[in-house]
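Consider the two complexes below, in which chain A is the common component and chain B and chain C are the respective partners.
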Partner chain A sequence: MTRGKAGYWWYLLPGAVAFTAVVAVPFGTNLYLSLTKWSGIGDPRWIGFDNYTRLLHDDVFWTSFRNTAAMVIAMVVVPTLIGLVLSATLFDVIGRRFGPKTASFLRATFYLPQVLPVVVAGILWGWLLRPDGAVNAVGKAIGLGEHDWLGDPKTALPMVMLVMIWVQIGYPVVIFMAALQRVDPDLYEAAEIDGAGWFRRFQAITLPQIRPETFVITLTCTIAALKVFGPIWALTRGGPNHATTVPSYFAYNAFFNKLQVGYGAAVATALTLVIVAVSIGFLKLQGRTES
Partner chain B sequence: MRFPRTMISAGAAIVSLALVLAGCGSSGGDDNDSSGDTGTGTLKLWHYESANGAMGKAWDKAIEVFKTEHPGVTVQFERKAFEQIQQNASMILASDQAPDLMEYNKGNATAGLLSSKGLLTDLSDEVAKRGWDKVLSPSLQTTARYDDKGVMGSGNWFGVPNYGEYVMVYYNKALFKQYGVAVPKTLDEMTAAMDTFVAKKVTPLGMAGAEYPAGQLYYQLALSKADRSFVDNYQLYKGSVDFKADPLKYGADTFRDWVQKGYISKQSASLKAEDMGTAFIAGKTPMIVSGSWWYGRFATEIKKFDWGTFLFPGNKLNAGSSGNLWVVPEQSKNKKLAYDFIDITMRPEIQTIMANNGGVPVKADLAKVTDPKNKELIANFDAITKADGLAFYPDWPVPGYYDVLVAGGQSLINGSKNPDQVLADLGKAYDQGVKEIKNG
Partner chain C sequence: MTTLTLTRSRVARKDPDRYKQGAARWVVLALVVLTALLVLVPFAVMLMNAFKSPADYSGNGPLAWPKSFQLDGLKTYWQQVHFGGKLVNSIVISGSVAVLGVVLSLLNAYALGIGRVRGRMWIVALFLLANMIPQEALVYPLYSMAKSLGLYNSRLSVIIIFTVIQSAFGTYLLASVLGTFPKALLEAAALDGAGRWTTLWRVVVPTVRPTLSVLLIFFFIWTWNEFFIPLVMLIDNSTQTVPLALASLQGDRLMDATTTNAGALISLLPTVVFFLIFQRTLTRGVTVGAVK
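The block that comes next holds the complex of A and B.
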């Protein structure tokens, strides 16, 4: 038995080598750089935890994490809730009344923004939201006037959140609809015979049955929200006045624009630690719920 | 199983950036110039000017001339993207893949930084030998020379510019005529002209808060109250800079005042420079304050109305500098060929091609410049350089200052901060940056 188990360890070797090369070494290097002062040229100078001390006192760093919380709402909370309702409606109402083809077609339309490269989506929305864009044209036509949606710190972040909700909705819809297809129809039938209405069935059958998929969506979308970069770069470049700066853009800016590689590495390390902590928290919660 | 994989991909995405940067070790490298004989070998040349731009056309001709004069030499020319060079120069120059000659950005954070790390060849002897210093006025030399900390303005030559650039006012002659506005010669006349447009519900000045134009206008306004010692203090750290006083206070206060008076649209904080330029090309904007880099494009693309340029009214100092530099990487294997090529680009025949295509050469034969508008563009630049009037750009003093200026400009446009708050932000970032540069 022991000899048999030992034999399988060889199968883990390629994965271990790849992990070391692709994850462990780069992460170790990043960690090392975060403890140095380095412009990207010449030799890094060891400064200990100075970059982390500086981070703690950097208003922009804290702003970036506050903005990340907003991105979690826009990319996880709202799309998951809307996706849940949409998929249940498509599956249970549209699918039954108009047939599965109609439901599939509508599912595909919701998924369409996910097919677009996120930077392209960002540029498109940038056109719509610019001062002389379509959104203001409509606003003017109905007497609401004009607004610089992405140039006003009060509206820039909400607009980016709106774009991300639009981008994200299709993902939970597709996953939830696949999950709903594996729920035993007999459960719904039995509940209906017992007189349970749509909402009661949704609450008592649908939600518990699709819990594993809900965890997957929440975890993957949370990680995506924590490291979001593309839409910020395409829409606002972190502005106006850091109103939409997120940690990954903050790190990018430190690396490439300010040539503060050590400081950027410290931001990247902090972000990685947050992502790891959130992931562990989620998985523990999932394990506890499933058990 | 999901946990490690998810974590791995997320972590890898973040740290890979650092790994790429970590790959560039120390500079090192030996100086093995194999070009003692210019009759053979290869000249590896990179630049990032567009093929149909003034510099692109002039340098294409320079390559032809070089090939004629060096028949045994192969020219390996690669056109690069600006961002490609901007973000990877340090890695490229530290490797054995470096070209023999490269166009590179001027300034402390770019050419200065690389020179201080020993990645660029000291061209001082060659400059003196070939007389390039005689062609370039002192203000054009500023961006070519760097001290041992990489601060421009003194020290050895690490680059050679062969064109210039400066900020001016572009105006739509048709709109000026339509609204009965004369070309202003003073700042008061400029504001009077803008009042006329505002009274007719036309926003007089195009703006783009999300990129450089706002910072440049703020700087132009500040320069109207500045002298050379301010520029030396601000750009070359020769003395302290007070962000609570004029000229910078005047720049920020006046900028905000112009927004409030409707000279600049309050809706322009999110616009990019391209938006500002295309609005001018479309004939929607009476004026924009921007650089000579637009000139060739406007000449090509504006067909429906007449347009012109004038210097920012009343200013003796103007944002502007030499153009980007020819630099010779320390790792270059054919430095002599590189010097020969630079020399060709400095010749009047090549400079005149630049002039005839809307560029601002440093040594053109004006008699051979056919377009009167092009002549005016060059004459204005000559007047500025002769009066020692180039004041460089507001984002140059410290690395990463561009973003700080953009944030400040956006705040002045959307009114989220008052000028004093913006100046406090600008001052804080400036002081911190200068401190870091001085401490090495």
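The block that comes next holds the complex of A and C.
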């Protein structure tokens, strides 16, 4: 390599141009729009930080972030815990005593909802939960009666959470199983010789060994939970009475239904800030625990 | 790998207590299988109702076994939404994004990982940021831009947007893979008089082909499953994708339950087939992404 490094810049050119046009300029424009009042037609009117002060006093905005917390429970906390138990069971018990084929078949079953377009999953569940859908048919058959699961503000959010758990479970299972294969079996043997039981081994060896994967799962799923849109659109459109509104649906609604482009842009910017802050926090935490 | 399994099973035989062959293992298996069945229930119910006649459905409800095996729901759905056209749209959009996204990621990562251009840490961080930004924070300006450029409601607009969004992740992943590319191979290529362009295609690409194919498959399936930006950008029958076709019929009260189920079935079939074909690559890919 005698020609130095300058020539490599050419290879970044297409990426730089495309990135500028599709990400940087639109993002900058969005920032600008968030400081204006605009219906999408005519010229945006500069209003400074008014959209942001309005946001802070908007109950729906706070509801949307509370619902995001529910999404984090449904898409990160619960699937990671269940995934941990399932993958350890598949690896330790099923894989060893019933063969790796059985284990990988079951793993594929858990992963199946992950490959569907998430909005298709949403529509499928929307039908199952409809007043005349399959869930109520079961309810009637066992004498529980009917319920409008997605139409009742009390049950809508728990139902959306249930659907998201169903969608998400396969992801941690697949990653944790791969992680478990990486762990040195000698560690377990040594612990066993020392008389450590299954749970003790799980606690002292498995959990610390798969920490990097746990970080990756919690980070990527948290970002996904903060961004969630498709299932909300398909299941409830944010309703009833904002019970399932999330920030991304809130922004979409402001942009394209209410024609409050500036306000929508402010919501989107606030969401971006939260995502970036959460990611940086995660990466900092990861850096600290690893060093 | 084989020797490892051999020694382990020998240990197991020497010490039968190690894998207690008791009844407990069957209980565990039953519990896991039960969980797996619970995951499958929605698919089973959908499958059962996709093949019913509307009269059978309204007469006997969603849980009854179909009285007769009907293909009418599937036919109605296929024709009503021009499903063949949606399938073509999805394939064209996802296929183009997969190929273009991988090429763009590769060019970026070549400069960053092998070229080690100055400030590469910042550039990688910038691409990572682009991957994190919610699409909501880009969508309105992109929508206005597409309108003023005459690209609104065109597949091209979606292809361009997703090529860039996917390549943000691809750049991040490939740059770290190429950062550890064997120096000896590059030096050998230089000694043979290969320029950068030749080195990229003759030396680098063949070496990292497995990673590239994982990326290709992921970009394809991610783009296929995308909803938000296509919902905004693609508004009519001639441009919409498979997930949009199903979603846009959802509010339609005229759709009977059997057609909805048939529609859901046809819409998820391509992804399931794709998953079955590429299962191993996909699982490998999820892991590659996780371990970096």
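The rule is simple: the second predicted complex is superposed on the first by the 268 of 291 C-alpha atoms of A that agree within 3 Å, B and C clash if a C-alpha of one lies under 4 Å from a C-alpha of the other, contacts with A are read in each partner's own complex, and residues count from 1 in each chain.
The rule is short, and it goes like this: contacts are C-beta pairs under 8 Å (C-beta built on N, C-alpha and C of every residue); 3 or more make two chains touch, one makes a residue touch a chain.
Every value quoted in this text rests on a predicted model; they were computed, and no experiment measured them.
Of the two partner chains placed by superposition, only chain B is touched by A:Pro153; chain C is not.
Using the contact criterion defined above for the overlaid structures, shared-chain residue A:Pro240 touches chain B, although it does not reach chain C.
In the superposition on chain A, A:Asp43 makes contact with chain B only, not with chain C. Residue contacts after overlaying the shared chain place A:Val23 against chain B and chain C alike.
The partner of chain A that touches more of its residues, comparing chain B with chain C, is C. In the superposition on chain A, contact of A:Leu124 is made with chain C only, not with chain B.
Applying the stated contact rule after C-alpha superposition, one finds that A:Arg97 touches chain C and leaves chain B untouched.
When both complexes are overlaid on chain A, the residue A:Val261 reaches chain B and chain C alike. When the two structures are aligned on the shared chain, A:Trp9 is found in touch with chain C, with no touch to chain B.
Using the contact criterion defined above for the overlaid structures, shared-chain residue A:Tyr252 touches chain B and also reaches chain C. Applying the stated touch rule to the two superposed structures, the overlap between the chain B and chain C interfaces on chain A comprises residues 19, 22-23, 25-27, 29-30, 33, 40, 216, 223, 226-227, 248, 251-252, 255-256, 261, 264-265, 268, 271-272, 275-276, 279.
Listing the residues of chain A that touch chain B in their complex gives 19, 22-23, 25-27, 29-30, 33, 39-43, 129-131, 146-154, 156, 216, 219-220, 223, 226-227, 236-242, 248, 251-261, 264-265, 268, 271-272, 275-276, 279-280, 283. For chain A in complex with chain C, the touching residues are 1-2, 5, 7-12, 14-15, 18-19, 21-23, 25-27, 29-30, 33, 40, 86, 89-90, 93-94, 96-98, 102, 106-113, 115-120, 123-128, 132-134, 137-138, 141, 166, 169, 171, 174-175, 178-179, 185, 189, 192, 212-213, 216-217, 223, 226-227, 229-230, 233-234, 247-248, 251-252, 255-256, 261, 264-265, 267-269, 271-272, 275-276, 279. Taken in their complex, chain B has these residues touching chain A: 2-3, 6-8, 10-19, 21-22, 24, 26-27, 87, 90, 94, 109, 113-114, 117, 119, 209-210, 265-271, 275, 399-400, 402-403, 406-408, 410-411, 413-414, 416-417. Residues 4, 8, 11, 18-19, 21, 25, 28-29, 31-33, 35-36, 39-40, 42-43, 45-46, 49, 61-63, 104, 107-108, 110-112, 114-118, 123, 126-127, 129-130, 132-142, 144-145, 160-161, 163-165, 167-168, 171, 186-187, 190, 196, 200, 221, 224-228, 231-232, 242-243, 246-247, 250, 257, 260-261, 264, 267-268, 271-272, 274-275, 279, 282-283, 286-287, 289-291 of chain C are the ones that touch chain A when the two sit in their complex.
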